[in-house]
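Below are two complexes that have chain A in common, paired first with chain B and then with chain C.
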Partner chain A sequence: MESSDIYIICIEDEAEVLDAVVRDLEKLEATFPIDTATSAEEGRDLVNKLLDDGKKIGLIVCDHILPGDNGVELLIELHKDEKTMPAKKVLLTGQAGLDDTVKALNEAKLHHYIAKPWSKEELNEVAVNLLTDFVLENEPNVLPFMNVLDAERLSEAIRSGKTLSNE
Partner chain B sequence: MILDFAKNWLQDPSRITSQIARYLENSDDFDVKTVVREKDDVFFSEGDLNDSVYILLDGTVELSKSAPNGRSIAIDWLRPGALVGLISFVTGDPVLTTAVAVSPCKAIRLTEQDFFKIQNSNNELALLGQQLIIGNLIDRYHHVVSVHIELESINDTLQKERNHLREALKQLEDTQHRLISQEKMATLGQLVAGIAHEINNPAAAMLRASDNLLEYLPAIIALVDPDQEKSYHKFFLIGLKRKLVNSELQRERLQEWTALYPELPRSLLRKVTSMNDEALESIQGILGKKPGEQEKENLEKIVLFYESGYFLKNLQSSTRRIGEIVSSLKSYSRQDKGQFEKADLRDGLNDTLLLLANRLKKVDVVLNFSDIPNVDVISGEINQVWTNLIINACDAMKDRGELVISCGHSDSFVWVSFKDSGPGINPSAMHEIFKPNFTTKQQNSNYGLGLGLSISQQIVLKHGGQIKVRNADHGGAEFKVLLPA
Partner chain C sequence: MKADFLGLTFAQLSGLLLGIFGLVLPFLLPLGTLSFAGQLGLGILLLAAAFWIFEPIPIFATSMLVIFLQVFLLSAQSPVFSEAELPVTEPVDMSHSSWQIPASALKDDQTILVSVGPGETKSIHVSITERNGQHAIVKSDELRADHPVITQPNHRLVNYDPSSYTAFTGTLAHGIIILFLGGFMLAGASVKYNLDKNLTRYLLAPFGSKPRFILLGIILVTAVLSAFMSNTATAAMMVTVIIPIIAQLDPKDQFKYGLALAIPIAANIGGIATPIGTPPNAIAIGALQGQGIDITFTEWMIVAVPIVLIMLFISWVLLQFFFPPKIDRFKLQLDGKLNLEPKAIGLYIIFAATVILWITEEFHGIPSNMIAFIPVATLVAGGILTKEDVKKIPWDVLWLMAGGLSLGVSMQATGLAAWLIGGVDWASLGYVALILSFALVAVAMSNFLSNTVTATLIMPLVIGLYLSGTMGDNFSLIIVGVVIAVSCSLAMALPISTPPNAIAMSTGFIRTKDMAKVGLTVGFIGIIMILIMSIAYWPFVTP
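Up next is the complex of A and B:
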């Protein structure tokens, strides 16, 4: 399909790691444009700019330790904003203490937690799953996503009439 | 009122008893017996019923009582002039204490009858009898008072002893904690050194492999593109020298290029736009105005070589980083030696900073290192001091702020100071911070036992130095470690 206006945002301060994340999600980019930021502040600006341009944020993959505000704080903040609340949030972490993880789960409704080093398959599976959730919850027409996302779940939703277009 | 007899009694109790003895011997009305007891002879035992009283003329009698634990404790020693068995005699109750001669004794034994007779006899004898009883009571009372005083001083000594023991116990516990902590550090050091060694070999192999690839890949590329007309080698080198573009700029470029070439996939363009300007220019040349399938394929191949170069560069820089971390770990944990050696303190500081890099991510570390002479230190231990002070600073600043680390020297010492931008030390806690178990940190798995500063101080003292602490003029705490030059 043509590229959608649903974005994947990756936030990570180490360029090599950011590069690896983007590369791992490469297959999804045909449908979900990826954009990147290297700090929480930049990520916040990027999200606002995309929203201003009328784009949607489908998935945010955020590193835990960032210069300035840390990833958990940013995810909490984005979750409190109704515009970014629907976005699926993944915390990428090398060393989260339990406290931070609990905080992220409770306050940012963190959807997934990936420990470094991760595998490409794991990251892709998580992203596909969460984006499937996102389109089911937010897109009236899920048909165009059949090829890239979880086709089984999407067709099940269509068959049972549980998509937004029927509500 | 002063009674002369009472004074006399205190000076010499036997004066009254000998007068009484003389009276009794010379009187026909009395038939009293003077009894003799050898050493260890018993006058009466505790619990007996007693029908007579003895006036002790010679020797010493010990009064003792059995304590609840079964042991016999000495209560008093009676000397000539004393009445033995007076209380049980007059009350009719069982005897309170056992009376035993501790030296050969001579005493007058009086029965109830004799006792009454004395009281009812001529004035002088009755008076002597009364004086004898009062004198005895005075003696007993003196004894009670002195026993109380003795008890008090014993209690006092006991209390001091107890405090002393408590203090000793606390010191023992502190020492134990310290030892455990030192033992842990030593174990950790060995573990770290072992791991560093283990990682070192694969890291070296990786570096060697990537060096070899660096050599072989151009040759392989030459096989594919012998005349360099496809510029594969050129783009391989561009990838190898890729500098990271700031993400804002990269985003702008990507936007620009996606608008320019809407027919090309974004993921391909993302890779292309990470190239330098010169490379981008030649790519535009290759693509032309409206790239078709052929151009797209060409670009994909070029990107393949560009990426190979970039991956190789990544591999090399990452491997080098592992190497640096490993060598820092090794020199940081030089526990294996544990001996004093001449060392440049700045090396240990740099190792420590590298290992704590993750913790210091949001802290601006400012290094004011001036030239300092080498000092005699046990590097592993001194690094532990740096670690403790830096971690404390991070904790105080909640991991955000500025940490200024300076060093310098005078004729007699080399100093290193750590100044943080945290809230400083509460003045009321200032004198306590070096005490073991002092901590401002919440009990939490991340936090220690409050031994950090105590151990650091011990280490520095062992090196003949000292740690000074103060709140800096513009806020924050400053710890200064001085070591003899």
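Up next is the complex of A and C:
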């Protein structure tokens, strides 16, 4: 299918790790274009640029340790912004302490926490699940996403009255 | 392709302009005998058709717009007609079949119009013997002293008796809409308490583990559910049933195409079976009620169920032929238990009682439209459906149907339907060719348009055709209505043909060409079956 205007954003300062994240999510890229940033600052600019172009942010996968502001601070900031609040947020980390994790959960409404090293299946499953949530909460028509996301949950939503064109 | 204007695509923008142009077009063309109200009606019809086809606004919104335009342009209280009065005068008897009438009443072809009842006129030929200023002396054997002569033959009330605006707004409470409301509430409650899902598991169990029988099971269960629920909700639910089945198949096994296609096909066909199965049935039944023909729930089923069964069987054979299974047998995961909480049991009782009352109308005589109010009232009174659940009912579909019924009302009342189909010698086509053309046009249109919209656009014309008497004597109005309703539901060649097709397509299990191949074959065989039924079965089971 053609790509949607819903973006996946990956923010990670180590090039190899960033490559690995993007590679692991490549099955989704045809539908959800992936864009990357290597610092919180760059991530913020990228998000603003995409929103200005009328795109939507569906999923943000963010490393914890970043140059400048750390990942938790960035996610909290993005959660406070009305436009990025609906985006699903994943924290990727090797060494976040309990405090930071709690803060991310409470203030950024973090949706998932992935510990390094992760497996491709795990990351994909998390991404598919969260994007399914995003599409169900934000998209009027879920049909274009059935073959990449969780088709059972999307059909279930149609069955229970999610709007669809008329018979 | 996106145009920059109002976020509409090029097609939507064309439709918007075309619709607005269509609304005024009838006043720019010489339309002969069409009444003034007919011109207004034609404008509304053209606008509705352009909007329904290109969808610059959602189709239910077009329906609301249609009702709005009729209320403000065609009703007795509208600014157009509220002050109007038909200018008539009684002819003065000059003896020896000579009459004095106002000269303005004379039309160019030496005829005058006399009023013979509200909204009805008769054209009388006269020979002019003398003209003196404002009066004319004419000779006519037909004219009588109690024949009010219309002094302005081009007046907007000629041949039109405007009805109250409630005739148009009232379609939302039409009996057939209430019947659907009852159906929607039963379906909504079934989804809420998972009756559809659990029923599916029980019903599929007897079909064993052989692929071809599982396919048959899926076809039959989908059809039965979609006869009572919306085709869309049924297809969506069945998709969740087949996803685990397809996961067990070898990715190269073509059988998955068959399984995935079985769902939209059976959902589309199953909707034909009962009056509440799908909105085109309502458009047909509503139009027939407008002509004083009431069809009971059972009468509809007697007419519709045989063609449904035949088409389901043919689809089963076709799907096995096109996509033969490689796998020998597989296991169906059939877990799930019937919900036994008190409210769910309440639903089962109400559902069963309603259906039993619907199909036994012959014995108790209470019309199905009235019975539909039993689930409407008891489901909410018993707390089985809450306010939130009631808000989730597809009210837009009810509006869509109401707009369609309302358009049909004005197309008959303004004489538009009769005018549109006039001038062609339909009877010379003969019974078979006429039925064939109705079915072909309906199937062709419905492949691209919503089934309901297709039925809405065609039904008033076909009713008008029947009423004009030019079809010959072989026809029963019921058969004509059934042909249109059934044809609208047999269009399933494209992903856009129906929502069930779109759902099946979006799972990614099937390819467009497979859908086109099977959909066209089903449509083609369906038209042949309609012909056979119209000749060999329906004439014997309809009054």
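Rule of thumb we're sticking to: the second predicted complex is superposed on the first by the 161 of 167 C-alpha atoms of A that agree within 3 Å, B and C clash if a C-alpha of one lies under 4 Å from a C-alpha of the other, contacts with A are read in each partner's own complex, and residues count from 1 in each chain.
Keep in mind that, in the parts below, a contact is a pair of C-beta atoms (placed from the backbone, for glycine too) under 8 Å apart; a residue touches a chain by one contact, two chains touch by 3 or more.
Computed from a prediction, not measured in an experiment: that's the story for all the values here.
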First (chain B), second (chain C), both or neither touched by A:143: second
Which of chain B and chain C A:38 touches, first, second, both or neither: first
Touched partner set for A:16, first chain B, second chain C, both or neither: first
Partner touching more residues of chain A, whether chain B or chain C: B
Touched partner set for A:30, first chain B, second chain C, both or neither: first
Which of chain B and chain C A:54 touches, first, second, both or neither: neither
Which superposed partner A:3 touches (first chain B, second chain C, both, neither): first
Touching partner for A:68 - first (chain B), second (chain C), both, neither: first
Partner chain in contact with A:151 - chain B first, chain C second, else both or neither: second
Footprint of chain C on chain A - complex, ascending: 143-148, 151-152, 155-156, 158-161, 164-167
Touching residues on chain A, where the partner in the complex is chain B: 3, 15-16, 18, 22, 26, 29-30, 33-38, 42, 46, 65, 67-68, 70, 94-95, 97-99
Sites on chain C touched by chain A in the complex: 59-60, 188, 191-192, 196, 230-233, 236-237, 239-240, 243, 271, 278-280, 392, 394, 396-397, 400, 450-452, 498-499, 502-503, 506-508
For the chain B and chain A complex, residues of the former touching the latter: 244, 247-248, 250-251, 265-267, 270, 314, 317-318, 358, 361-362, 444-446
